[in-house]
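Look at the two complexes coming up: subunit A is in both, with subunit B in one and subunit C in the other.
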Partner chain A sequence: MRKQFTEVLVIGGGATGLSAARDAVMRGFKTLLLEKGDLAHGTSGRYHGLLHSGGRYVVSDPHSARDCIAENRILRKIIPSAIENTDGWFVTTPEDDPAYADTFLAACKAQGVPAEELNVDVLLNKERLLNQRISRTIRVPDAACDSFDATHILAHDIKARGAKVLLRHEVIGLEIRRQKVCGVNVRNLLTDEEFLIETSMVLNCSGAWAGNIAAMAGGFLKVTPGKGTMIAMNTRLVNTVVNRCKLPHDGDILVPVGTVSVIGTTDIPVESPDQYPIEDWEVEFLLNEGEALIPGFKKFRALRAWAGVRPLYDPTAGGKTESRDLTRSHAVIDHQARDGVGGLLTMVGGKFTTMRLMAQDLVDEACKQLRTKRPCTTAETPAEAPGTKHYYLAQRLNRWEQSHAQHTALTDPIICECELVPESKVRAGIEASQSKILNDLRRDTRLGMGPCQGGFCAYRANGIACGMLAQTPEDAHTTLAQFLQERWKGQRNLLWDHNLRQLELDQNIYRNLLGLDHTVDTADIELYPTEKTA
Partner chain B sequence: MADGKLLIVGAGLSGLFAGILAARADLDVTIVARGQGNLMLGTGTIDVHGYQGKARLEVPALGALDDDHPYHKLSDYALREAIELLREICRRRGNPMIGNLEKNLLLPTALGTSRPTTLAPISMVAGSLRDESPLWIARLNGFRDFFPQLMHNRLPQNIHIVDLALTAKEFRRDAYTTDLARMLDNFHKREQITNAWRKSILDYRKKTGEAVTRLGLPAILGLENPRVVLADVEDALECHVFEIPTLPPSVPGMRLYNLLRAEFLTLGGQLVLGPSVKGKISKYQRGSAVMKTANKTEKAIEADAILLASGGFGHHGLVANVDGSVTESVFDLPVDYLTDRHAWTAESYLDAHPYAKFGLRTNAQMQPINQNNKLQADNIWACGSILAGADRLSEGSREGISLSTAFTAVENIIQALS
Partner chain C sequence: MTVIDISSLETTLSSDQCIKCNICTASCPVAAVTDKFPGPKAVGPQMQRLRQPSAPSYDKSVDFCNGCGVCSLVCPHGVQIAEMNAVARAVQMDRDGVPLRNKMLGRPEPLGKIGTLTAPFSNLPLALPPLRWAMEKTIGIHRKAPFPSFTGKRFRKWFKSHAPENLIGRRKVVYFHGCSTNYYEPRVGKAVVKVLEHFGCKVSIAEQNCCGLPMQSNGEFDAARELAKSNIAKLMPYIRENYVIVGSSTSCTLALKHDYQNILGLQGRDVEMIAKNTFDIFEFLDDLFTEQTLNPQFRRIKDAVFYHPPCQQRSHFMGQPATKILRRIPGLSFEVSTADCCGVAGTYGLKAEKYQISRDIGETLFAQIDRHSPSRVLCDSETCRWWIEGHTDVESIHPIELIADALPR
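Now for the complex of A and B:
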């Protein structure tokens, strides 16, 4: 069996794991990260896109609020291009208690979250679709963050600093000697090859799946997967983040992300982080809540529904079940102290906005156990080139237009028109990942995430990938069918009006014009989570 | 001959074909449509019945379809006469359709699967998969809507890819099939392109020693005069050339649309594109309609008979609502559908989806009826993709249903008005 060695081994390629790996490699550890799927394959890629100002937690969870505002400021500096500086507002709709705004303002002040109440017309003149009966409006420094961009930036930075990132590698067991984890047994899911990676310290950042890793060390760790369902609306109904000014509840945030806006979320404890179907009532509930913010919300096109699982830590293990009550702040679990097994630390809880701080706390503890003192420098060191600007809506269009202004000929056609992904980006994505999985390309480029949900671009990207990766046509057809099947999941709950029209168009392309249903056996299409190709 | 005013809602295949039939019978016909219908998106072929389950049919097997299928409401000559008539119009207007009801043609798709159909434009038939000789397929460098490397080798025919030069400098923006077709319509540009292609073919011959006998191109061979474009390209390349339908917009479909539209207008029909139509049914069971234009004005349309050719979900004839109900968009006629939305679709994207069979229920005269078989209005008929009971994609039956139900509806309208 092949053997490798690394000082720090991080499990999980989401926001937490990538931040932890970045922290470790910047402190000079030889670092390796394992992810069983793709970057942001789990919860990070199913997030609503809100970079918290902390406002949401000032009343219910002040500790989290303080963490959020500090990290909000830091992330704007270290991953600027993943963030759109949208600002955020807390608004009192006719359904909310107007007095709560005073409690909220006082709490913001106490926790150091900048908040300013302005005349309602300031917001209502800017956001014309909002409920005109909104009575109070408070501005906070919320922002929108694209988690695919963020994780890709971090991964790129980590690799540039010499760390290794292994995607589609699953942990199958821990090597424990003398009460200490000294290695991790790994399976490459694409080749089925198994091997051992020796290591001094394992950082378990597998989020909602953390309990599985802890169990391999003989520990029992109760992580309650809290399902959060979100709906992407077809357009940016708002250009700023809009929160209901009330205690955090379901369906009270609307976030503009890229070309869409996302309403979220529900919060339901579920048994398994791998199986959590979206229920009809959730969709109906979210759309109804949207009506309070934007009258006529239901008439706008709801593009796609999806759910993610929050890794909520339950220290009482089975006591409380309301998952919104479980803390959103994070904790480092030392399995030495807890289960008598050294060399393994688990990060539980937390949220996307505080990923860097979580990593810092985790690696601080790792340093302590490894008996070395190395300062954390992640907050001061940007992951992107100096001068990188924040994302703005017309950025892709601008880049594309500029690149074409220099040529008289059009040589870089747009492959995904909805998300403005040109052929050069598709090729770069495939070149870098060498992945036959079109869904990986989606996470790299946003291909297929717009209104047509892959209708046109899937065939085009498939044709390009087939040539670049020397796929057989049969293999390529399976790839194509898998991608369409993955896109299908998020559409099935929302089949009315435009979405059903869109489905007719897309079905006409793939089943009538192309005859894809006559070349692949649908039973062969293996689905999420591994997205493994034959 | 009858006289009277007929309003047709929808300008897809069934609407235009019905318009032609009615105008030939001297009715005063107006077609009002929001857009141009499914021809723009399809293959440009006439599919009557291609599949039973996943199996390809050698011959349409209408008897095997469910009892409530639209085909079973028709007289035994409707389909045959409709097909003959369409073939006659296409031939006369310079874009002949080849094929017949005795045997399905088998033509390649852009993924290299074999697709059964009844009629295909002459520009497609050299690709017949009943011919076992090899296929050469053109890869147009820089064109994003056609990837011959995705055509597989499950076919008995060997497939070879030939790179043809396509100079991207022709375009100031992304090229669609229609852009290439318009270039080929232009005599001078066509000459330039075919010369460049000829050179590519000669190079290929020199390199491989293979003589190209038949060459497949994406369906781009001109919108205006496809026969001339096809002949010129074949002369230049010294081989048979055939078109393979690819991503929309559909050049062969647009040709068919243009041709039917011209025929309809020549017969004196009126075509109004853009407005939507809203109708109501009086207590005396008579339907009446108004057009709603973009500037929100409403204009009454005088009509003795109204034919709904307004399409299925894809073209707004049927509308699915957020509450799980389905409505017919013009008269709010009763629609056959399943109330449980979970039952509308299959788990697998590529399987047959039950919602495809939703639509209007009609009697044998093609007049909408409710679930208790009660006639909804004396002067309303329906045809085409709005009709319930057919899964057009899974059966490969879209155009056959459109033509034959339009034929039958107009036959009944003429009878009712005379």
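Now for the complex of A and C:
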């Protein structure tokens, strides 16, 4: 078995793990990060996309609110190109108590969240689809943050600073000697090779899976996965974040993220972080809530439904089960104090917005245990080149138009038409990741995320990947089918009107034209509806 | 933001319905001949998802859409692609400013006024190669683009002095003649009046101005809206008096019927009334003949002509009424073009960067004309006639001129 050594070993390639690795490497530790999937493979790649201003929490959880506004300001500086400065509004719809707005304004003031009530026309003139009967509108500095962009930027920065990032590497066990974790057993999921990495400190940032790692150290850690379902509407129905001005509840936020707008979320405790199918009632519930903000919401095209799991730590283990009541703020768990095993710290709870702060707390604790004093510098040091601007929607269109003026459709054709991804981008993505998995390419380039959900781009990208990575035809068929299966999962709850037509067309392309269900073993891959479910 | 209002929002949001089937792109005459234009699906519903009202945008490819409207017609899912393109172009122009050339091409009326006053001298510069070369270099109007000649006597002047055949006609018609008839081709207007009066209509020509389509398609929505509103105000009194509006230019009538509401986003009862009561001259005649079971008699005309229905005519959803009427002329043999588009699309083909595209689109039509070698080419749209004439050396007239010719003497 191969052996490696790293001072700090981070488990998890989500927002928290990447931030922790960045923090550690910037404090001068030899750092390595392990992720069993791709970057943002877990909850981070499935979150709502809101960079909180703190507004949502000013009344219910003031501590979180203060963390959010501070981190909101910092992230805008360190990962600007992942953030779109959309602003956010808290609006009182006819279904909400108008008096809450006063409570809200006072709480914003108390927690230092900038909030300004403006004449409703300011917002309603800009956002023409919003309910014209909205009676109060308060502006806060919410923003949209794309998790794929954010995690890619962080990973890039970490690697540039000398840390190692190993994707598709799963932690399968911990080496414990004299009550201390001294190494991690790892399996390379692509090659099935297993090996040991020795380390002085393991930072468990595996989110909803944190309990599994704790168990490897013989500890018991109750992390209740709280499922949250969201629906991406096909277009941006709003260009700003819109929150209902009421106590935080389900389905009360609409976030414009890239080309879509996302309504969410639900919150349901589930058994396992790996299996949590979306229920039809959730879809109906979310679309109905959308109606309160945008009359006629349901007649717009709902493109995709998906869910993520909140990694909610239950310190009282076995007590309450409603997951929104659990503490939202993060906590560092010291397994030395808790389970008598040193060299392992677990981060639980938290938010995407507070990832940097969580990492700082975690690495502060690691420094303490490693008996070294090294200040955290992540808040002052941008992960991107100076002068990098915020993301804006038309950016991709502009870039494409500018390059189109030089090239023509023939020299750099568009592969994913919906999301405007040209061949050069596809090739660069595959080149960088060396991954034949089309889902990785999707997270990198947004390929397949538009209205046709892979109908027209998947076979094209698959062909390019097949050529570049010298795959066998069988392999290539399987990766194509797997990708389509992923896409189909997100559509299955939304099959009416245009999405149903779209599915019929996509199915015809892959089943009847390309005969994909004859070339792959569909026993383990569900490719579009089977006779039973159809 | 004045360019996009709530009703254009409906147009732009129809992008939601696109399922990417490519039917529109397969039918687009521009996409068929050039790589510069990625096609209706791409610049319409696809790019629409990436457009952002508040951010700078470099929305250039959409300018290569010639606005023929075929895509919106063929889309099986109700995506208003051509309309969406018009809105996107207007937003782009609103942000970047409208080029001088587009401003000139968008204003046939003031140009016409000066031109007709000084004709035939005003026709000279357009015939002089060095001047045309200079025009191309300075303002981007292609040196080979055919232009019509100004007439010395405007149609409206003629109308005022003509003695009506029918003072107490059964049907009251207000004729929307458009700029081209007034300044360049009064003969078309004369033919329309002659035919209408012959079939018992009382014809009036209301005060009117340019329909606004040239401005609209050159990206000046606000100015086009002013023209539209002014026309509506001038025509409404006639509608209240039970007149119907009849036009001989398929593009002007389409503006009144469709664009005022669906592209410029005007709303209200008046614009709806105008739309409902506007008819293409042949649509009107066809109705008249069937409704009143008239059996019009025409003189024998021994001639072989070629008829090219302009693309905008399709968006009228009225079939090809001209062919029905032409068929009634004894002795006349005519071929109907199967080409989608002549290419010029209003003022599109006059522009230096688009001239070649328009020519290439027109090749199919020009070849058909060449094959049939007709005595004349009939076409209901003025800019198409000038373009066809300029590229085939076959005289091109409005079909109504032939009908007027065929009336019993």
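The rule we apply is simple: the second predicted complex is superposed on the first by the 518 of 534 C-alpha atoms of A that agree within 3 Å, B and C clash if a C-alpha of one lies under 4 Å from a C-alpha of the other, contacts with A are read in each partner's own complex, and residues count from 1 in each chain.
One rule holds for everything that comes next: a contact is a pair of C-beta atoms (placed from the backbone, for glycine too) under 8 Å apart; a residue touches a chain by one contact, two chains touch by 3 or more.
Since we're looking at a predicted model, the values are computed, not measured.
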{"item": "Contacts of A:Y391 with subunit B and subunit C, given as first, second, both or neither", "value": "neither"}
{"item": "Touching partner for A:W89 - first (subunit B), second (subunit C), both, neither", "value": "neither"}
{"item": "Subunit B versus subunit C as contact partner of A:P473, first or second or both or neither", "value": "first"}
{"item": "First, second, both or neither for A:A405, with subunit B first and subunit C second", "value": "second"}
{"item": "Touching partner for A:I464 - first (subunit B), second (subunit C), both, neither", "value": "first"}
{"item": "Partner chain in contact with A:Y57 - subunit B first, subunit C second, else both or neither", "value": "neither"}
{"item": "Which of subunit B and subunit C A:Y313 touches, first, second, both or neither", "value": "neither"}
{"item": "Contacts of A:F352 with subunit B and subunit C, given as first, second, both or neither", "value": "neither"}
{"item": "First (subunit B), second (subunit C), both or neither touched by A:N512", "value": "first"}
{"item": "Touching both subunit C and subunit B, counted on subunit A across the two superposed complexes", "value": "408-410, 414, 456, 501, 505"}
{"item": "Touching residues on subunit B, where the partner in the complex is subunit A", "value": "38, 41-43, 54, 56, 109-115, 142, 144-147, 149-154, 167-169, 171-175, 245-248, 312-316, 319-322, 324, 341, 344-345, 348-351, 353, 355, 393-394, 398"}
{"item": "Footprint of subunit B on subunit A - complex, ascending", "value": "280, 287, 298, 408-411, 413-415, 423, 456, 459-460, 462-464, 466-467, 472-474, 476-477, 481, 484-485, 487-488, 492, 495-497, 500-501, 503-505, 507-520, 522, 525"}
{"item": "Of subunit A, residues touching subunit C in the complex", "value": "128-129, 234-236, 239, 259, 300-301, 392-398, 401-402, 404-405, 408-410, 414, 417-418, 420, 450-452, 455-456, 498, 501-502, 505"}
{"item": "Residue ranges of subunit C touching subunit A (in the complex, touch as defined)", "value": "6, 9, 13, 15-21, 35-36, 38, 41-42, 45-61, 77"}
